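Take this structure first; my questions come after.
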Amino acid sequence: MRRGMLLALLALTAAALTLHGCGGGGGESTDGVVELQFWHAMGGPLGDALDELVVEFNETHPDIEVQSISMGRYQALSQKIMAAVAAGQPPDLAQAYEAWTENLIENESAEPLSGYIAGPDGLSDEEIADFVEGMIENNTWNDEIYSFPFNKSVRALYINKDLFAEEGLETAPVNWDEYRDFSRRLTKDRDGDGATDQWGTAGQISAWMFENLLIQNGGEILTADGTRAAFDSSEGLEALEFMVELMTEYGKVTSGYEYQNDFQAGKIGMIEGSTVSLSFMEGKYTFDLAVAPLPEQKQKACLVAGTNIVIFADSPDAKKAAAWKFIKWFTSPEITARWAARTGYAPVRRSAMDDPVMVQRFDEIEGLREVIAQLEFATYEPRSAAWYAGRKHLEEIGVESALRQQRSPREAIASAAAAVNAELAQ
Amino acid sequence: MNWLETLRRNKAMDPITAALYIVPAGIIVLIFRMIPIASAFVLSFFDVKMGRVRGFIGLAHYVRLFQDPTFFNSLGTTAYYVIGVVPASLFLSLFLAVLLNQKIKGLGFYRTIYFLPVVTSLVAISMVWKWIFHPRLGLLNFVFEKLGGNSLLWLEEPRGIFEMAAGGLGWEWWPEALSGPSLALVAVVIVAIWRGIGYNIVIFLAGLQNIPDQYYEAARIDGANTRGVFWRVTWPLLSPTTFYVMLSTTIVSFQVFTQIYLMTGPPVGGPMGTTKVIVYYLFEKGFDAGGNMGYASAVALILFGIILTLTLIQRRVVESRVYY
Amino acid sequence: MEQTSSLHDREMNAAYRVRRGLGRGGVYAGLIIGVILMIVPFWWMIATSLKSPIEILEFPPTWVPTGQFVQTDTGEWDEVYVVSRDADAGSVTVRPAAGGDQQILPEGAVQSRARLRFSNYVEAWNQAPFARYYFNTIFVTIFVVIGVLITSSLAAYAFARMRFWGRDNIFLVFLSMMMVPQPVYIVPSYIVLVKLGWIDTYQALIIPWLAHIFSIFLLRQHFKTIPNDLYDAAIIDGCSRFSFLWRIILPLSKATLVAVVIFTIVGTWNSFLWPLVMTNTPEVRPLQVGLARFSQEQGTSHELMMAAAAFSVAPLIVAYFFLQKQIIQSLATSGMKS
């Protein structure tokens, strides 16, 4: 009996050691395969899609083994990356927002990529020019490229064509007036019990939506030198007032992605969402669906969101070289097209738009080509670490308190701007 | 030298032999408790960014703490949480324990059920309750609507409950300072009470069963009714237990983290930062962007100071009234 | 006189009995409401975990997982999802669960039946490396339990039975460490583990927890109750100090040791903040952290989350129903720190 217990324990230890390796961490194994840890926040269908591509990379690159490790959420990923860098044990590759990269650069933890791009296994000037407008520039600090665009999304309007048809609406709204008007017409009390049960639109508490409205209205997020808030302008106030009107009178606000479920259930006429929302809704709706570019006001807006991928400077050279290979492979026209077609993220290469996989996807989803074409006038968020904190203030103090009708849009904008300015001044 | 003396000598052992017995536990306590606790103290005087010590800065972290509105908000939120959990949990568990102490049938059954959440992981409990609080599909709103009430946003509601109540009464204006904890925080409080009640019941039951029967008999002979017996016998004789339950629930409540981390947001601590408790704040400061571990340690020490002070105050106040 | 008095007594008794009966009824009513409130979340977890993704989105929700079925020509019942109902026309639009085109059927053709989707458990299990998480948790728990038993018995023996310089002061220092809550030292602990190179290893999850101060305290209290005569007798028999602990004290302390084992298992199995901070990769990630990551991933469906929650809590709950008395006692004492 006792001997049995002891044996079981020994077996368990042996199993743990063989499964994991005693010191943890992986590293270069004896057969010359370079093992890379890649930390990301992709879950659900996105995680599945990423894992499949990683498996394919590992199969086509027998000397490299990328381990895909999901931290579930960006917030958790950020905490894990920062703690790991503090520990001096960062992964080899990770998804990172520009603001995180800036922290990493300051800490000398992000590997400069120019050397790899110019190197034998690099990218030609034409290939670099093939990247979507601004995506390389947005990953460049002081003339040095530190990260590559990885999962980039743009906003789109999702349309329940059945509900639109019922109202005699044939096209997506193209400007704010139509946006408001269509939403009003789509808001109904279907069962006649006196309570609204179909809404024109819905959305989450999102700085991203506000920022796009702001830009559509000709406003700017920060001043040109990035030291002060610029969204507290008359353009910004109009944008927030419009957002509040839309979401509280003809729509409903949910936190998280709950509004997508309502939309899937056929209770919402149209929603704004990320192009990625598509992969979460796939197969879960039963109506005729189309996507469309966002309505415009004074101008069009396409504020790109999503993270980039960085290599950590602390990794040994062999790993960094292998990590670069992964980045190059993943951002190649063919792979980015498949990644985009599968997940809804925007392809990062212009030539990917003509890739057969992408073309087929465009045929499947009505309006998707036009949505992705919004990238022509792509703009990006301010990327300083201070803005990363400031953006939270804009979302919580500005957008959330206004949408939840805790403050008037005017008060909300003013207090958010004050908080952002305080953050930027630090 | 007779055998008795040998014995005595054996008992009065040399420190080296004793050390051999204590060392295994001692080393671990030293490395993983004493050193970290001491380091927390030391770190709070240093500027640490992303794990790199950048220099001694004296009390600068503490000075900044006292000007940090997020810190004070997190303190206030934690205080609301503790005040929400402790009295309610105490009252409900004492009430149920007194019911269970009535020589009822199936005591074991009831106790087993009430205690069930205590063995269930907080992670799972948080997930289940988050789903129950779901504003549109949740069980709780379903029950509320069945009972004729309005559905609520629960974990997504940043408005204070007093403000909501005032609104419900049709009052247009309510002072912002008195809006109270957000409904989202109240939802987290409900889960804490639900989870901890079984534990407190068991402790109270043990305390109740320690009260000798003759006290009850004596009170009854004096003509006391049920309520009189409770106030004259049960309550005073149970006060050491009540004190203990109050103390332990308070201390545990100050450290709330898991429910906040899993039930609120995204971002965690939402909506509008109304559920950002102090332990999550120090977690965020220490491990998120910037990795400001010095500042996080300063927050940690303030938390420790509060818990220690409360323990001492509670002990002094209650000790003077407890009947041992 | 005597008669009136007995009459009075009888009235008193009757009134007393009625009141008592009402009181009893109230007592049971209170307790049963309590039971329902405690049980419903568990029921809800299990019910949700057995529903289809479509049924999840229904409001009002169903208490028992239910599917909609239509009878095929061959007399079998096929599951369908209801797309919409048209009350005026008395028709229902459905989509076959197995895939295929939508059909419009008369209201009566569709029947509700209980439908338990155990496949959700398989799906949830396969969506994340739960087997690995389970293994990690079991592995860590076993080692922590063994370690705690060894270090605590040894230290408790020294504190209870030996006389040496500074004994009580050292013990007091130990006890005072117990007062400091984990969040206070989590940040520096991370740095300590970094210095040791233990971040993201089993060591980080096991070794810091090999000493458990409260267990030392509990065992010391118990060892002190063992009479000195026993010790004297054993020494006369030529028993060494260690074999006295091993052969006599420990067998006499079975109940306390069992308590230590139980609260160590429950504590390790359910611990969250520490492994959340100290692990990164799924290779060492324990069950609770894996479950949390699973639930935080955008797009994880509610029914799969509930299934994952259910199979994560199942082992302890099953054990609890078999050993509830010991577990309640053990956890109740473990909280008695003051």
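Going in written order, the chains are labelled A, B and C, and every chain counts its residues from 1.
Simple rule for what comes next: a residue touches a chain if its C-beta (ideal position, glycine included) is under 8 Å from a C-beta of that chain, and two chains touch if they have at least 3 such contacts.
What you see is a predicted model; the values in this text were computed from it and never measured.
Q: Please tell me whether B-C or A-B has the greater number of C-beta pairs in contact.
A: Higher C-beta contact count between the two pairs: B-C.
Q: What's the chain with its C-alpha centre farthest out from chain B?
A: It is A.
Q: Please compute the C-alpha centroid of chain A, do the same for chain B, then give the distance between them in whole Å.
A: Centre separation, chain A to chain B: 37 Å.
Q: Round to the nearest whole Å and give the separation of the Cα centres of chain B and chain C.
A: About 18 Å separates the centre of chain B from that of chain C.
Q: Specify, in ascending order, the residues of chain C that touch 2 or more different other chains.
A: 57, 190-191, 194, 277, 292, 296
Q: Please output the residue numbers of chain B that touch at least 2 other chains, ranges allowed.
A: Residues 51, 134, 136-137, 283, 286-287, 293 of chain B touch two or more partner chains.
Q: Would you pick out the residues of chain A that each touch at least 2 other chains?
A: Correct list: 73, 80, 83, 86-88, 261.
Q: Taking the complex as given, what residues does chain A use to touch chain B?
A: 73, 75, 78-80, 82-83, 85-88, 99-100, 103, 107, 109, 205, 254-256, 258, 261-262, 385, 388-389, 392, 396-397, 400-401, 404, 406
Q: Give every residue of chain B touching chain A within the complex, in rising order.
A: 49-52, 134-137, 156, 158-159, 265-268, 270-273, 283-284, 286-291, 293
Q: Which residues, counting only chain B, touch chain C once they are in their complex?
A: 3, 7, 10-15, 17-19, 21-22, 24-26, 28-29, 31-37, 39-40, 43, 51, 95-96, 99-100, 102, 104, 108, 110-125, 127-129, 131-132, 134, 136-137, 139, 142, 145-146, 194, 197-199, 202-203, 206, 226, 244, 247-248, 251, 254-255, 257-258, 261-262, 279, 282-283, 286-287, 293, 296-297, 300-301, 303-304, 307-308, 311
Q: Could you list, by residue number, the parts of chain C that touch chain B in their complex?
A: Its residues touching chain B are 23-24, 27-28, 30-31, 34-35, 37-42, 44-45, 48, 56-61, 150-152, 154-155, 157-159, 162-167, 170, 173-174, 177, 179-192, 194, 207-208, 210-211, 213, 216, 232, 235-236, 241, 266, 269-270, 272-273, 276-277, 288, 291-292, 295-296, 302, 305-306, 309-310, 312-313, 316-317, 320-321, 324-325, 327-328, 331-332, 335-338.
Q: For the complex, give me every residue of chain A touching chain C.
A: Going through chain A, the ones touching chain C are 9, 12-13, 15-16, 19-20, 22-25, 37, 39, 43-47, 67, 69-73, 76, 80, 83-84, 86-89, 91, 257, 261, 264-266, 279-280, 284, 286.
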